[in-house]
């Protein structure tokens, strides 16, 4: 089951904060209604707070294990996107953070869901 | 014939509202002048009102059945785009909502029509 | 020879006006200097005035015939773009209207020309 | 050697000025340090002044010959971009004008250089 | 080991400053935790100060050698991006400067990191 | 319901027989189990018998109408492919004929079915 | 755990046997050494025996469920490919059958494995 | 009207004969039934006879003018392909010659027609 | 330095031998003349001998480490391709084996080298 | 002027001969009729004779300089292809050798020319 305690962090590099984007192309969870597997791509984008203010970055291997913890979870597209956004926000307390999920369609319909924390700069908003 | 009563909804997830996009690649209706089939791609994008204000999301399978109800309908590109926009707006009362249809050309001309409800954020507008 | 009287219109759908885009991939005219044929793609994009104010849309088949009427016309890239823009503006009196032509190169140079009527919203401007 | 006197112009079409873009995919000059040939794509984009104010457009064949006049010139990426921009500005006195050059890499690095004259509208700026 | 002293510069061309972009598709360093090689694409984008104010451009061959000096360096994605940004800023004192690194994924996750110096114009920001 | 009597033919051109391929990108029928629409691309490839032996070609508009006659038919992928192959073979008595159908997946699986009449030359066989 | 008894079949259509291809883009199993998930695309291609000889086709929904039964199985690329090939061969007793699996890389290496039953026609062999 | 007398030739180069391919992306003729323009891509491929046996190549500019002579001709896909093949064969008396035409669809169907003279080597046959 | 002793193997699966392909997209070695890094993609394709005759497969992680052992080696394109082919042949004694290397160009020229062991089936040969 | 004496060679690697392919994407010569520059891509493919029989490979930098020596040469597509083939054959005395040139079109027609020495294996022949 999804486990945010897996998430590990390390201090952000000194100097003007970078913007970080990690795209996981192999996310899978289960449809809560049918039990069939869903497959998606999860993009995480955020700006850590400055190093001098205790800013941290998420460690890449822990992020992968966190994503894997959804493998047996029955959860809707909208909810899983919101949850990843909330868990990562709790883990890194970023200046801002954004989660975009892309799902290969069911019944000929493919979907993209966006969730966010804080004020996303215009250049990182949709579509 | 098109039947908006098919549309089903569920409560939006708690927290900051997500932006939701569903792209149906297999839409077909009929040309009202010639009776020949039209084939298009329908993109629906919206932000539900917050969960605390009764915000809802459209259920994916009901959306698929709603789109299928246009299969025998003779209707112009512009009208079908406007109608889907109006029917979905009635069903989910969103903060904002957008419908974009893309049509494989007739006579060497392909078309895209956009309709909307409410104030679309700049990053989700055209082209 | 180009004949704007071919253009036919129908009333815009009721409600918030849609944005309409028609892309003709098979446009051909003649180079006025050499007489050799030019081949281009013509994109027309416009927002009709509201239905309640007499807003109209261009009928697709008449648009196709109008474009075909340039087949034997010797005319420069810049002039044909301007003329299509002016003729369509006269035909539909839109809120705004935009014509973009893309030409397969001559002498290793390909070209794109843009003409417009009214105030184009930022999201529909270049490049 | 580069020869701006080759550039020929013709009057801009009447009415609201168009935006014109010519992309030459077969530009070659020489590296001033090694003498080896450089190969690039040159994009020219500009808005002529209105026809009523004496606005002119660059003639396409003369533009091609002007580009060919760089074939034996040893000149840096940055300088050739600046020079084309200055020569064309002198030839057409545009409302604004932009030159973008794209160079197939040397040593595994490819480059893009942008130069401009006047105030470029936001929609035609980078990246 | 990374060596910024390799970086060589030359005077910016006279006139309105150009915007310069160099994309190195063959960057490699080492993961500081596992010692395994990382492979990335490094995009550098900057506007030199005007020639009249002593503005300079980075010389392309020296840039290549500078990038090669990371080949045996164990360094995180975030840190290498920040360091290249800082080293180049020191070398060319630009009006603004931006470094974007794209990394082929590890564990099914690919990453993009952005660092910057000065005020980046909106058209050169993300995503 | 599917109606092969719609198919019209015209005499093959004189001389060495041509090979003819028509690709219909907008085919739709119904799943016989669920009633849901299926969407596919149908490729027809054949060599008519020589004109001197009474060889004929299928007329394009009649082919389109024939395909449209499947719109309300519940029929499996394998059966519709076989049937189109048999109906066309009956209509044009070709030297050889081939039908390939490509179906956008159901349940994350997409399919291609091939049927044929006569001896297909090696260069026109799979995959 | 993988369960071939899920596989269901139906009689092949009468007439010259078709060639059938099903591509499942969402296959996942586990690495037997690390327990980490593997993600692949599985292509099944076969020719059923003629209907008159008892030839059968695999039913699509049962194929999907069969693939899903590998979700918790620790199994090597080579073994899973061999096993799917053997299970399907047992289920449909085809004239010939081929399984191709494509795996998103681990450690920067992506893989393709091919297994087969019977004599594959040349046009359906690699690469 | 189509005029094969436009076609000009020059002697094939000495030595082992080359294989020559010219692809014209801007061919247009008229539909003989509706009078509407057709747009296609014409690929010509041939091997001239050896220079020592009087082998010749078609001159490129004359080929272009020959293709342009179809601009006002009402002619079916199959017939125009056969005619170009016959005219070119008469003009260059090649060892073998092949014409492939690709047509942007009408009514959602796109077409490819192949005609040939002599024995085409296997590697230049379909699909 | 390149070290074939790193290569590890495991028994081929029982039954008809599979064909195995591993594509490493991140190979780097050094140019023996200039010392500059080369970057390439290495594709390994082979058929193991049958399991009953002692056939083995190369273990994926050991293959990755073997490739990494070329990182500091100065070696020509042709020689590294030949060497990888020879080392893998020694390690797995395959029925046949093929190595294809693709190199991002130097001086505007990109290269592909092919080496092989045993009789490669036609469908796995070039280009 | 073209100068085959620039071509340098080195001994082929020991063992079963490799197949070598070099693709030069930046070739330019002049049209002998108009003097305008032509731009093409030149692909060279060959198998050297075995090392034990004195087989040699062409050195990459000398190949680049040899190609550059055509920069000011007025020469037809067919002739330049034949000449490169003959010059390289003289330089490396290969088992077989093939030259393919691809030319960005003139007058809307692009061209590919193939020349060869010796018996080209089927898998390396057209189209």
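Some points to look at:
Labels for the chains are A, B, C, D, E, F, G, H, I and J, by order of writing; each one numbers its residues from 1.
Criterion: a residue touches a chain if its C-beta (ideal position, glycine included) is under 8 Å from a C-beta of that chain, and two chains touch if they have at least 3 such contacts.
Quick caveat, the model's predicted, so the values are computed rather than measured.
Farthest from subunit F in terms of Cα centroid separation is E.
Separation between the centroids of subunit C and subunit I, computed from CA atoms only, is 55 Å. Put simply, the C-alpha centre of subunit C and that of subunit D have 27 angstrom between them. Residues of subunit J found to touch two or more other chains are 25-26, 36, 39, 104, 107-108, 122. Across the assembly, chains come into contact as A-B, A-E, A-F, A-G, B-C, B-F, B-H, C-D, C-H, C-J, D-E, D-I, D-J, E-G, E-I, F-G, F-H, G-I, H-J, I-J. Partner subunit I is touched in their complex by these residues of subunit E: 25-26, 28, 36-37, 39, 68, 71, 104. Contact residues of subunit I toward subunit G in the complex are 10, 12-16, 18-26, 45, 57, 60-61, 63-64, 121-124.
Within the complex formed with subunit F, the residues of subunit H that make contact are 76, 78-79, 81-82, 86, 105-117, 122, 125-127.
Note for the complex: subunit D touches subunit I at residues 36, 39, 104, 107-108.
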